[in-house]
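Have a look at this one.
Read from first to last, the chains carry the letters A, B and C; within each, the first residue is number 1.
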Amino acid sequence: MKGFSVDTFEKQQAIDITVQVESCIAAEGIEDGICLIQVPHTTCGIIVNEHFDASVSKDILDCLDRIAPPDATYSHKEGNAHAHIKSTLVGSTQMLVIEDGQLMLGTWQRILFFEFDGPRQRRVWVKALEHRR
Amino acid sequence: MKGFSVDTFEKQQAIDITVQVESCIAAEGIEDGICLIQVPHTTCGIIVNEHFDASVSKDILDCLDRIAPPDATYSHKEGNAHAHIKSTLVGSTQMLVIEDGQLMLGTWQRILFFEFDGPRQRRVWVKALEHRR
Amino acid sequence: MKGFSVDTFEKQQAIDITVQVESCIAAEGIEDGICLIQVPHTTCGIIVNEHFDASVSKDILDCLDRIAPPDATYSHKEGNAHAHIKSTLVGSTQMLVIEDGQLMLGTWQRILFFEFDGPRQRRVWVKALEHRR
């Protein structure tokens, strides 16, 4: 397994981690298979979507804030219940295809780390599995 | 990797792609393992749920419209911000078990392509990985 | 593929299934790879989040009830349309890393079965894939 750290600087933000994930896959030396990206945290998430226009991530964060407002009343009393809910909705893992040693993404797809309870230092795990020929 | 195209005819709709995914797995010749279904797009998604009664998909689309109304005001100015949000919430990949050369699904489970910004021609990628015996 | 049953006792509830999933991985004898957890049902889900404080799951269920109220009007007339929507939003599968024969989870991460249309007896499938060295 490979991995890397992500430093977040805001309470909530989206960070493009595509290049770091690609480096992990190159280091694993997988030519053909699949790649699992997992965060070992419960108040952040991983998504695959557009980041050429960063306003897409802003709209996603704004919508998640409407679904689970940070200042609403929750049973969990640590002040980050909204972040647990958002992590559940977007998910803490992504799986992607690897071919010819390359992570396969659509033209507009990027891998994004979503922080919902920052700022913090986070870890991202990358596990690549080779297809058996 | 195998794949196929999906032509969507409406702005938003659900299309059962189970048969096409099964054909890809048969063509890959995987007897035992897992299957990754990935769309290389940022305004559609893949889900696994009931489709015997198509009204289930209608309820899902209606609920997503309440979460992210197409005509609300967003930062992303291309008119499809709602579709990026929906894609993020339902996800652009699914992983399923393969056994005895068969895609393993529950009685009521079907693989559904969800279009949120159609009509368009879309691609679906299918990558199957063999279990190492 | 390994698997186990989960008996749910309430209409909606979260049940920690981490120990059962770990037993399946041990039984598969996978040292290094990935693990797919899949429910063959359309009105429940699998998530990875905190369960040390059970109020986190309560907040997640409450938020999902606001998104898709059980008593709202839906097209699907079986009374469980809200459960299909929740299953779609949280997902019916999870993928996790396996290393040194251990399921890799963060400090606060647990694997949770979410029932949205209980009480019922449910099945959980666990498929582990070995990394090719």
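Definition applied: a residue touches a chain if its C-beta (ideal position, glycine included) is under 8 Å from a C-beta of that chain, and two chains touch if they have at least 3 such contacts.
All values derive from a computational prediction rather than experimental measurement.
Under the stated contact rule, the graph of chain-to-chain touches is complete, every pair of chains being in contact.
When the CA atoms of chain A are superposed on chain B, the rotation angle comes to 120 degrees (nearest 5). Distance between chain A and chain C, defined via averaged C-alpha coordinates, is recorded as 19 Å. In chain B, the residues that touch at least two other chains are 67, 89, 91, 95, 129, 132. On the chain C side of its complex with chain B, the touching residues are 1, 36, 38-42, 67-68, 74-78, 81, 84-85, 87-89, 91-93, 95, 123, 125, 127, 129-130, 132. Of all residues in chain C, only 33-34, 47-50, 53, 55-56, 58-60, 62-63, 66-67, 89-91, 94-97, 99, 104-109, 129, 131-132 touch chain A in the complex they form.
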